[in-house]
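Each chain carries a letter (A, B, C and D) given by its place in the written order, and its residues are counted from 1.
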Amino acid sequence: MRIGFIGLGNMGREMARNLVRAGHELTVYNRSRGSSEALAKDGAMIAEHPAEAAGHEVVITMLADDNAVESVVLGERGVIEGMQRGTLHISMSTISPNLSQRLAAAHEERGQEYLAAPVFGRPEAAAAAKLFIVAAGPKHALAKAKPVFEVVGQRTFEIDERPEHANLVKLLGNFMITCVMESLGEAFAVARKPKVDPRIVFDVLSSTLFGAPVYNTYGPKILEEQFSPAGFKMPLGFKDTRLVLQAAEELSAPMPFANIVRDRYLSAIANGYSDLDWSAISMGAAQSAGLAFGGDESHSDAAD
Amino acid sequence: MRIGFIGLGNMGREMARNLVRAGHELTVYNRSRGSSEALAKDGAMIAEHPAEAAGHEVVITMLADDNAVESVVLGERGVIEGMQRGTLHISMSTISPNLSQRLAAAHEERGQEYLAAPVFGRPEAAAAAKLFIVAAGPKHALAKAKPVFEVVGQRTFEIDERPEHANLVKLLGNFMITCVMESLGEAFAVARKPKVDPRIVFDVLSSTLFGAPVYNTYGPKILEEQFSPAGFKMPLGFKDTRLVLQAAEELSAPMPFANIVRDRYLSAIANGYSDLDWSAISMGAAQSAGLAFGGDESHSDAAD
Amino acid sequence: MRIGFIGLGNMGREMARNLVRAGHELTVYNRSRGSSEALAKDGAMIAEHPAEAAGHEVVITMLADDNAVESVVLGERGVIEGMQRGTLHISMSTISPNLSQRLAAAHEERGQEYLAAPVFGRPEAAAAAKLFIVAAGPKHALAKAKPVFEVVGQRTFEIDERPEHANLVKLLGNFMITCVMESLGEAFAVARKPKVDPRIVFDVLSSTLFGAPVYNTYGPKILEEQFSPAGFKMPLGFKDTRLVLQAAEELSAPMPFANIVRDRYLSAIANGYSDLDWSAISMGAAQSAGLAFGGDESHSDAAD
Amino acid sequence: MRIGFIGLGNMGREMARNLVRAGHELTVYNRSRGSSEALAKDGAMIAEHPAEAAGHEVVITMLADDNAVESVVLGERGVIEGMQRGTLHISMSTISPNLSQRLAAAHEERGQEYLAAPVFGRPEAAAAAKLFIVAAGPKHALAKAKPVFEVVGQRTFEIDERPEHANLVKLLGNFMITCVMESLGEAFAVARKPKVDPRIVFDVLSSTLFGAPVYNTYGPKILEEQFSPAGFKMPLGFKDTRLVLQAAEELSAPMPFANIVRDRYLSAIANGYSDLDWSAISMGAAQSAGLAFGGDESHSDAAD
């Protein structure tokens, strides 16, 4: 299949490489040309602007946030301009349901097809083609996208016919992850105060009811305070929390847990921790309990 | 071994039965005599008061809450009175670290041994001897208790030498469970507002990062709103949330997620839902989003 | 002075009328022409579009929200188009600091002057020229606006030279008001449960430390549950809470009280209370305590 | 009147002195004898234990917390022992409704009379006989206490016949005060981030809707960060917040604002601020926004 691919960050470049290797004819575009050239060595062609990459059967966008997607798709020489009637745009970025809905409308107006298909998985999973894809949109578009999904992911979940619903589900998934971080952060902080080893607490949890990848991934990071280098940085975690709250707000649905997570991000960012992994919000509970990073209890009151 | 067993509720009676079947010589005590008689058929002897059941090598208490334990252990003709120097009390109830610490002191004063060993598991797990035991106390006492733990549980986690630490870890475990309930409740409520099927949201979660028993147990209950008959009732969930907050308060550790969970329990109880399963607090998010039980959206605003 | 006045809602029409009566030469514009005609009887001229009203020494906008201001000022035949170099736009609406900053930049680019001067006060205060004005912007612009402020308000607070700071202060003021509503709501709910008369609680408060207009205005409304007709509707209270949280978010400042207030608004709106006065969020605490509107305690548990 | 007075702390000694000066015959008791001797110079007699002070027509207790009251009243040689049938105990301490109810029952059993009459006011107000008294209990007991109240306070609010209701109202009043502190803390923190002078924010508030003593007392303290010497220390503020939450919990009433205030206290205490005035919880919002004490912005991110 002839595919345009826009956005060659940590995730996008791995997905694009897998598509090239699977024999698809790829035209790539990235704001900074360096990443494109790396892929050209694997056999991809390089487009000079988004519209050029969009002149194919399928164009995929994998970008950082709403602003990036909005300007690449709707901006000058953007995806919408480059697409033809009947061709398909698969938006795989984590964006707001609101923007996704606007993209759907803009494409529909021009007789273009549109799917939202955000993914779960870190760059390693992208490289290993082990992403989980959450897709929504018209059935025939989903059928057309199948060969793409089969190359980049290990499984596709089809939500329903409304693209923005895939974006909502993706945000809810990230919300669930942040709840795990915060709950572990609180539990470990309480354990540490009277010197109960939080590693034992985690062992109890993960050996009994909590033996899921999300705990196994983040539990040890939080226990060992390994937040650097960041797999996914604070401001990105914040962005997704903001988006889920915004989406919920538009639906008149309060999310008290998300409020607390949002404030953890704000406070971490305000206090200079922007470069840490998003799971470092778990340290908020420790700090408010007078526990310092690294287990060195600076202000411990009558903790024992 | 000659064992006294006090408290034959849903959990206790299964544990006691397993001990009898394993060949231990059991003397049981329960406030209402009916439960004792059922066990007598299995070969247990019946004590007339807690002190009588406590006159053995080991005495186990498995009671509903702090008040019950306090009166059975420290009250007239209580456990402490009946025990001899050197005999062991294993407190398996979910009680406050504070009370556990007081029990430890009271036993120590009399040269008696004391372990806290609360458990994770529902009555079915107790019947199947599949409980997880969280134990803490002096090493020799832990060694002495081993044959008991091997009969009633599938695995024992030894925390450290301070009994009250086992109680704290147990409360933290229950706190983690309530966080799962609330986070699922919020995610499902947000999904339902624009008519995204929450079953698909749950499928995405449990098939990817959240495939742990705690999600697999509570996710479907919450999705199907099957809160009756209750496995563990609202007021018990509330009690444990109150206890973890109280313990954290004594340690000067804020737990913002626990605050929210506590308020869900208070609100559920205040509004007449005391007989439902403790996981019904997940409906709080739905109600505050204008969604009614049973999916019938009574007050839906511009939800679609 | 020749003044353009755009936005003749509950507040704007009273302010405009006071300006006409004070002898200023007013040209008014309102989306629906009816309100303009009422003012024409008082001597105002009617403009056909915002740009026409903006062709004067000073143009005032008093509109409902960010969207209205954005379209009226920056849209086609908007204020910016109609203004000349050196003329002054006074934005008196309650809008986001973010939009205010963008308006400031747009005006500056064209050599036009800009002040933000939102007000505190209900329509009655506007009619009585008793508004409190919170103004910010360049000093000479503040000087030029003085005659306007003296006609419509009882006092002007000059914040500093950055217009968006006035908008921020206005939002913080409304935030403070909502905190009073919520705190009264919680206190009254707790009092009502054991049948302590909340009127006495309010009497104690207002006779001792809390004798300020904000308590005297909202306390009785909340006590008597007089939320209809609304002086300021739910969705407007929600809007301002959203704006203050958004502004704080952009400044990386968590506002936990504002989160709770926001969720009260969302829940009230989701449950069908949009037509009530914004102070009805105080009923959220009562409902979550199992108390019904009107004092009829529907689900009271062991309240006594 | 012959009056026993127990508890000569900052508040109690001023109240006792006023009673002596008004001509009442006082017998005082204080745990540390020094304070009693100071009052003896004013003409008071000194009791050797609480029971001795309680052998009069009226005995007043003014102590630090539940524990102190419980031991002084119900303990050995306590108030209850010393009182005769028909004599009156006026409990003026800020204690839990729960304890107050237990005291009422204990007195009733012995045919003794009991009133709860906690007060609003700082030591200066106590010295000036300007306290506000919140009293509840049987009408004839209230009548008997009137001469006492007239000497120590400027006004008495009679709640109803159940003593514990006065304690609840007192706790609700303190809760309202802490809400003012937190809301000011949040508003000032948000203002400070873009360098809006929080003094102007406060001026706007106090000159318009918020001109009440509670704002005028705490606003300037918070603005100037004058938290030392403490008028009322952190742990006392925490205690009262804990008590109001406990009372509300027993009544099944959630108090989300109180949760946030409680966590501010816990965090302040855990981080070593126990010696500051209780209003220093307002700094929590500043710290979580990356603002340091004293206005020196240590970690400011893109705040401007």
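In this section, a residue touches a chain if its C-beta (ideal position, glycine included) is under 8 Å from a C-beta of that chain, and two chains touch if they have at least 3 such contacts.
Since we're looking at a predicted model, the values are computed, not measured.
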Intersection of contact partners for chain B and chain C: A, D
Centroid comparison with chain B (C-alpha atoms), farthest chain: C
Averaged-CA centre spacing for the pair chain C and chain A, given as whole angstrom: 38
Rounded Å distance, chain A centre to chain D centre (Cα mean): 51
Multi-partner residues of chain B (each touching 2 or more other chains): 248, 252-254, 256, 263, 266-267, 269-270, 288-290, 301
Complex contacts: residues of chain B adjacent to chain D: 242, 248-249, 252-254, 256, 259, 262-263, 266-267, 269-270
Residue ranges of chain D in contact with chain A within the complex: 263, 266-267, 269-272, 274, 288-290, 299-301
Touching residues on chain A, where the partner in the complex is chain B: 120, 132, 134, 155, 157, 159-160, 162, 165, 168-169, 172-173, 175-177, 179-180, 182-184, 186-187, 189-191, 193-194, 196-197, 200-201, 203-205, 207-215, 217, 244, 247-248, 251-258, 260, 285, 288-290, 301-303
